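Chain lettering (A, B and C) follows the sequence in which the chains are written, and residue indices restart at 1 in each chain.
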């Protein structure tokens, strides 16, 4: 059983991860290619260790703080799993049970919850221009508190979904494609269709489509973003995708034609989201406390959605792709499945059921990706640490 | 301090527990006599170890997932205690904070929360025909996911109360009787009265009376089930009890006369429950979304209950039993105590106060019973594991 | 790195802490001077160890139970941090998710949650005459259960704020003054102004001003309590403060003049609270279920508060103190800051911002103070235990 993670150690050894130490994870495009590769490599190594019943605890004690400003099952459990893998205990800040409502500043709350915090994981994806900004305010606050001698350590941020990006999801997605394609080098030139799809619910975040075009363009893929007119994503992220594609020798195009996107695609990622402009309007209305306006907007958006019920993935759509029904179908879950969770939705049960195992494996990367983000922020020499873990104790004492 | 658990190791060594490994715990009557005996033995051994400040951690990390679809204090803390005893961290699935409401399938949720789960504990006792079925759906899902390579391990199920059985409660109850009687061999021929009792609240689960008659008939006891007409329990469980009694050389009878049941009883277990037929009707109404019908049913049931306020345990009832006021009085708690939590209830304060210590000891078995269920599902050679634990480290480093 | 906590070990070695073992922490004035000094010393030692990446786990497993009957962020996270520091896992009793509403007795709930509990932390500060009494009822119950052989251990109580005292706060406060003054011996003769301040909210607990006058009078300080007429605190605690001051050779005075209190003060602690008499009335109304009466009382109190908006700390007030703008300004947080969380409040933004680092350091003592309370109740020979910890393993395995 010796050297079961040698391949990952060899990979990691060639990567410059020096700036990840004591740093944070906000957006994938703020990270270098080496850093992105390191997340994949450490995630795979931690999984290999756990599969072989080797403990991956690098902490004897310490807290991982979670702040969920939106509902979550998958990401909540992924964060809890990642913390547990590394030896941290999760402490959730439930803003309803706290004194945050007292008008307390973000700076103060952030500091008060961080005395023993090694990690802070935040989901804040509801309002355009708010989530990522909130995360920065939290991290600026604890960095300041650390510099001022108030905190003994600066907790590292893990972005568990903001208004701009959803890095733990998209890195888990990318790692799944890498596993399916047999290596990151095989992604070059492959076509992925990141497309809108119809959903009967409204206001789904834009962080996944934005995160996907901002990440997958780095690997030289032919990335096509498709959506009905009016469902544009943030212009800033489009520019990131364009720049990435150019630098990586890939392609990035936008179309309003779902079939064009699916044509000869190696991977399809159809998923509903709300128009960026509508989400901006909603944020304004929310800021003004105009809840009637929000209700009205919601009705308008649902009516707008309803005119695009033909944006659904069925077998005939899959047949347009490179490998037909066998083409890799992706989704962050839960999906709106026709005849299962809704009458009309993002995908038919046939397509979903065929992809189920693959979708669940895609999701299974998330705890390891989050653990890798924490690992690389908290361990100065990750190669040495992985080597040391390999020769340490078992996770289950008795098999 | 050597060999403090030798007696338990000797017992366990003679039992065939091979099929408990990687298995689940749904209903006691799905387990062999050896398997039931093994739960008692391991529970007692773990308690002895902890009392002697010996750590019983068999996991270095890992999660115990809890899903409570009904309120709980005792069972929630018992499950948390059991997980902590063994080295697992509890992560609760709060369905209100999750995306389960999105119409997500049980299969998907079950898989998504289980990537690092070694155990799943579920309470789902509200609707006849639903709770146990839900548990099976969860376990079928994670078994499938494990077979498909999605999950590295199959989490083991601990039934924390379903519509049919409440095994962690009834095994804790049985273990209490065993301790009080000085050994399981002394239960043979002893009479236990599992009786209905009046409660001002409605809709209490049937899982305890059903679980008790399904379990205690195995030990050759003279089990009498008593309730007013109309308060019948599930017919299937009655058949289990009849079969068990026959095989174990004991007795199982049903009566509508509480006094007849108490007459010469060695143990009494008086507790309110709702009629099975009414609970079935409620489940149907719930399925149709007929909440007016549910309200109406509730009023009918409370009126029906109110005609049986004479089903109360007071000193005069206790005097009918084998040892009078000293006879073992049992309850899963909390009880409806006359003059304490209600005007008319299941038991008078005199009877309850006299039994208090015994009742609390009964309850104290539950964390160890749950820990034993997990232990036997997760450890292939439990005898070797117990031996190894005995010589391992302390729970409190400094006494 | 040897002997990094030698100074604390030397101090602790001279203190009689024998009665803290297996005991509880209700009120600071129930503890001897040695015992108070021991809390400070162990808190500082634990912090030094953690700062040097030395693990302070004294438990391999076990639970720390928290019961919050009022909202909390700081204290909740402080308790969770303290438990984690020592190796205990927090299990929160959420009374809404439990069966406590069934009319269950405190005695029963307390016992049922304590089978694996090493600590119980309780916040119950809402009703005069209730919180401290509730804590005693809980501890009497588990002590009884331990004596009766129901519980293997008696969990130790940590008072996380009651109607009388808030010891984890006031000890953290005192430790901050000690750090700022360069030693407890330097507190003698120093003047501290514990004053009321205006807040737009109503019904703030009296536990902080009461706790402060009951604690700081022990160190020979010149303690001045200032508040508008009608905002008197509990008479019993006033007597404690008077007695303490006399014994320690300090002073304790009460005034209705904020400026008089601030004049030449070395430390100021201005904070809003509700009048004791009004809180008593509120408790009575609550007991009678007179919610209209409570609403009426609330309006009266807010109107009463509003006549005292001049009780605010601004630079001109600070100029009256011994060291002007540099004088130590204290607050348990969150404060009502003018122009930040309210229009009129306890303090101006100028004063607050200048003191921010100091306030956050004050708060950072709380996890260590709570950990010290637990440590001293759970470890028989704390000197030996600290020495042993120093030579044990690291908290973060890889720096």
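One rule holds in what follows: a residue touches a chain if its C-beta (ideal position, glycine included) is under 8 Å from a C-beta of that chain, and two chains touch if they have at least 3 such contacts.
Note that this is a predicted model, so its numbers are computed, not measured.
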* Asked: Rounded to the nearest 5 degrees, what is the angle of the rotation relating the C-alpha atoms of subunit A to those of subunit B?
  -> 120
* List the interface residue numbers of subunit B and of subunit C, divide the shared ones by all numbers used, and answer same when the ratio is over half, different when under half. => different
* To do: Provide the C-alpha centroid distance between subunit B and subunit C, rounded to the nearest whole angstrom.
  => 41
* What are the residues of subunit B that contact at least two other chains? -> 57, 89
* **Residues of subunit C defined as touching subunit B within the complex** => 57-63, 89, 91, 93, 97-100, 102-105, 108-109, 111-113, 115-116, 118, 145, 148-152, 378-381, 384-385, 388
* subunit A residues within the subunit B interface of the complex -> 50-51, 55-57, 68, 71-74, 76-78, 80-81, 84-85, 87, 89-90, 201, 333-334, 336, 340-342, 357, 360-361, 363-364, 366-367, 393-399
